[in-house]
Amino acid sequence: MIPCLTRAGIGNPGNLESFVALAGRHGFGGVDAGGDELLRLMEARGGAEGARAYLAEHGVRIGSIGLPVEWRKDEDSFRAGLARLAAHAEAAAALGCTRCCTYILPSTDEEPARYAARTARRLRTCARILAPYGLRLGLEFVGPHHLRRRWAHVFFYDLPGTLELIGDIGEPNVGLLLDSYHWYTTGGTVADLEGLRPEQIVHVHINDAKPVPVEEALDNDRLFPGEGVIDLAGFLGALQRIGYDGFVSLEVLSQSPPPAPPEEMAARAREAYRRVWPSGWPRA
Amino acid sequence: MIPCLTRAGIGNPGNLESFVALAGRHGFGGVDAGGDELLRLMEARGGAEGARAYLAEHGVRIGSIGLPVEWRKDEDSFRAGLARLAAHAEAAAALGCTRCCTYILPSTDEEPARYAARTARRLRTCARILAPYGLRLGLEFVGPHHLRRRWAHVFFYDLPGTLELIGDIGEPNVGLLLDSYHWYTTGGTVADLEGLRPEQIVHVHINDAKPVPVEEALDNDRLFPGEGVIDLAGFLGALQRIGYDGFVSLEVLSQSPPPAPPEEMAARAREAYRRVWPSGWPRA
Amino acid sequence: MIPCLTRAGIGNPGNLESFVALAGRHGFGGVDAGGDELLRLMEARGGAEGARAYLAEHGVRIGSIGLPVEWRKDEDSFRAGLARLAAHAEAAAALGCTRCCTYILPSTDEEPARYAARTARRLRTCARILAPYGLRLGLEFVGPHHLRRRWAHVFFYDLPGTLELIGDIGEPNVGLLLDSYHWYTTGGTVADLEGLRPEQIVHVHINDAKPVPVEEALDNDRLFPGEGVIDLAGFLGALQRIGYDGFVSLEVLSQSPPPAPPEEMAARAREAYRRVWPSGWPRA
Amino acid sequence: MIPCLTRAGIGNPGNLESFVALAGRHGFGGVDAGGDELLRLMEARGGAEGARAYLAEHGVRIGSIGLPVEWRKDEDSFRAGLARLAAHAEAAAALGCTRCCTYILPSTDEEPARYAARTARRLRTCARILAPYGLRLGLEFVGPHHLRRRWAHVFFYDLPGTLELIGDIGEPNVGLLLDSYHWYTTGGTVADLEGLRPEQIVHVHINDAKPVPVEEALDNDRLFPGEGVIDLAGFLGALQRIGYDGFVSLEVLSQSPPPAPPEEMAARAREAYRRVWPSGWPRA
């Protein structure tokens, strides 16, 4: 498993080059970024080769890119993103990135069966565009109770439901983005994780939860790993045992900006990973 | 379009041979039957050739067979029907039948998004088993309001939702079973039908509705075509205009048995078809 | 069926606006164009609405666009075209065009089984990118004998083989581009065409063949319809009987430029269509 | 990795119960069998539970079943096997078996492109029938040179081509059956194996080759592992390094019956495995 950073939790370290350098200074092996950032990095570094050299120099890989397609709304908006998806996938492939992720809001005002069918069809199309580039699509379920009640009907919100959605999509390159917060807020167990095959997991987020009743845990009120009540040792241990060897990204959503500059937050992130990582920080 | 009979509305005329003979006597070009009945007919007639000869002799084809798979419940029940599906499909293909149909209840006690994903996956599997036999799978939405409220959550119940489901399934051999009662109870219009391509329609049911508010129309309280308030001339006219040339089956669900023996009910069915058929009864 | 022009046979009438105007002047209802031309037309006309107005003013539609993807070579070349494919598909959809076509060379120096598998996979990917835009992919087999022998191994070259390829691809939006020259050079019959369902045909080319032994008919030595030995009345009559109502494009490949300017060649094309069209020129 | 027996090489130990007992006595953890044998075992043991108990008692699992579908010939023959495939898959699932395998002859008298497309379509159908039962389909390429030349055109015969076929089929549950003899006769390397992900491998066969020029190695003239020239330590070591943890079946095809009774051949098989197994025999 490879420690990885997102911008959520450490603040804004500037452009992708700065972000990569920061991650590298603190021993992280990956960063999550947007496809547009990858295109800009290649442009700034004189092409894919220069960008790869920059990443290699800092010992940092691109963990995943976000899905640049509006699959939740009308058909025209959806279609308008597909050319960009292909362009981002091409950039990701050129830089050795093999993962693209999106999240699924756990309730909806639309008729849920119909919305589910549309969601499956559109995400299948996205997966099929990613496939020739060797990219996998990771789907993140979102567990906090307040979001499940936010719109009229409950939608996909937990592991079993998301596996059902993935089964419906039916493409070999679609899997889970597992986030410890959502695992926790949906009552997930270590056994649930141990029941997965490693190739079902595309990407992982970690973070922690405040000591409030789980039904009251807010999506944007998370803690750094080890500061809260989630059994992260259990979470990461299970992933390691089943053979997951991908990225594990810090994603700490919060209502206010990080309390310190990115450099210090990255250092804190490193300490947080050391506390919860199964067998010590993987890079000395 | 080919007039066709089901047993719903005319009562039980006995085994498939009797049913076929009855349909032939009254000028119907098809009957809907079960796959088991097809197997028995072939056995009784010394094989597929004998069965085909019997059908030809009576001028009657097999319009469609029912889907012999329990796709609504647990996975074991689902899987237990797949071998039978292949056997029925083989029998259907041997007798020139190219349609297999199932209906979708319009509400559910399960989480609807998850149930939708499971439904799409399972019906896709069924369609894929039917495909090598040249059979298409027709999906019938069920519109009556009381059934939409019968279980906790609304599910697929109308034309747009069912088209979304078919789009999710994504197989070339899946389409609609259009039933005039469900078209009527979901506020369907002639323009809705005219917006379809003929190959999107696998099978058609006709029947009529009592002159009660549409919200009160019960699923099992239907009338013979022409005896009620549904615009069947509009319904059938639109199907003819777009080029639908498949079967149109009488399906009159009712709370009590038919008021007369099958022979007389088939004669009444013939009169009913004459009243609503776009350009006169198609066979003199 | 809608008479349609390509640039092959009438010469170069200039940009798409000129081409559309020319087609309109001579009563053709469509032109085949490249996706880049559609993008330029929209730019020149201030957007999709302006471009649609221009087409409507001339009574001309876009029959089909070419597939802008290099699917025959290495994987990088293939992937490099997919973003452009999505962009072209979006432009086509905006202008009401629903067809995208490519041709398949009938022999190859690669191992044919492996090349067939790669071809099916890549064309499937293209079809899946086209699908959300409502576009269909038409595959044209290429029949002339000299091209079947040009490379070491025979590949897909006729109707049955191309239907097998389409069956392998397995997507609902893939069908045939039928070209009368290839139908003729592969010994196609009227009965072969009558065995097709109209939705299996995405696009049609017509042209004629010199009175040489069919084995010697060269791909780039074609005649205008009615000037040669192909049974075009049989060809077009069969298409009309089965219900094909799409475009029929003139494609006359030749070794030298057309003998007259585009305006005159379009007039000759009109006369050629009048000679072979099933029931007279469709537009007075 | 789990040592497993087929009947090829040890002779006929009788019915499945005897075969399982024999495998268990000699420390093998699996046997490959036919689906019909599984059905008979369940019948003989009073159902699935009894059959599972018998297997558990002997410490033996069902490694894989053969694909009971004639996918190489006409369409009727193909379709005739699909109901049996579902029945065998159901039996396999009931007994904990998750693999079904078939082999691909490396040359053909049919047009290879067209035959490739048909092969992909039919194997996809098989995979889709296996999927709901949790079974994977393993495809074995066949490398000996004499078989590549036996029919007019070369077909799929090596690892890269078979991966292309699997990519065309496009189903998540299709992978390789890797046979050391075919790896050897196609010039496979340890690096080729190390380039695979473990989930791409469904099943493995081992055996050895006589010290003749590789072009002369006959398909049915194999040796026990360790008696010939194949680098089986390299083969098995690579599989172990990439994380393959499935069955490794002895398959020694030969022109004459085994030189000793099954009991002795199984003992010899055990010795053969001990010679080549990466880290000693896995069960004491």
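In this document, chain identifiers A, B, C and D correspond to the written order of the chains, with residue numbering beginning at 1 in each.
Here is the rule we go by: contacts are C-beta pairs under 8 Å (C-beta built on N, C-alpha and C of every residue); 3 or more make two chains touch, one makes a residue touch a chain.
Because the structure is a prediction, the values reported are computed rather than measured.
**Q** Tell me, which chains sit next to both subunit B and subunit C?
**A** Chains that touch both subunit B and subunit C, as defined above, are A, D.
**Q** Please decide if copies subunit C and subunit D contact each other with the same set of residue positions, more than half shared, or with different positions, and reply same or different.
**A** Comparing the two copies, subunit C and subunit D contact each other through largely the same residue numbers, since over half are shared.
**Q** Quick one: subunit A and subunit B, Cα centre-to-centre, how many Å?
**A** 45
**Q** With centres defined as the mean C-alpha position, give me the subunit A-subunit D separation in Å.
**A** A distance of 38 Å separates the two centres.
**Q** Quick check on subunit A: which residues sit in contact with 2+ other chains?
**A** Residues 170 of subunit A touch two or more partner chains.
**Q** Name, in rising order, each residue of subunit A that touches subunit D in their complex.
**A** 170-172, 197, 199, 243
**Q** State the interface residues of subunit A toward subunit C in the complex, per the touch definition above.
**A** 75, 78-80, 82-87, 90, 93, 122, 125, 128-129, 131-133
**Q** Within their complex, state which residues of subunit D touch subunit C.
**A** Those residues of subunit D that touch subunit C are 111-118, 120-121, 124, 153-156, 160-161, 164-165, 167-168, 170.
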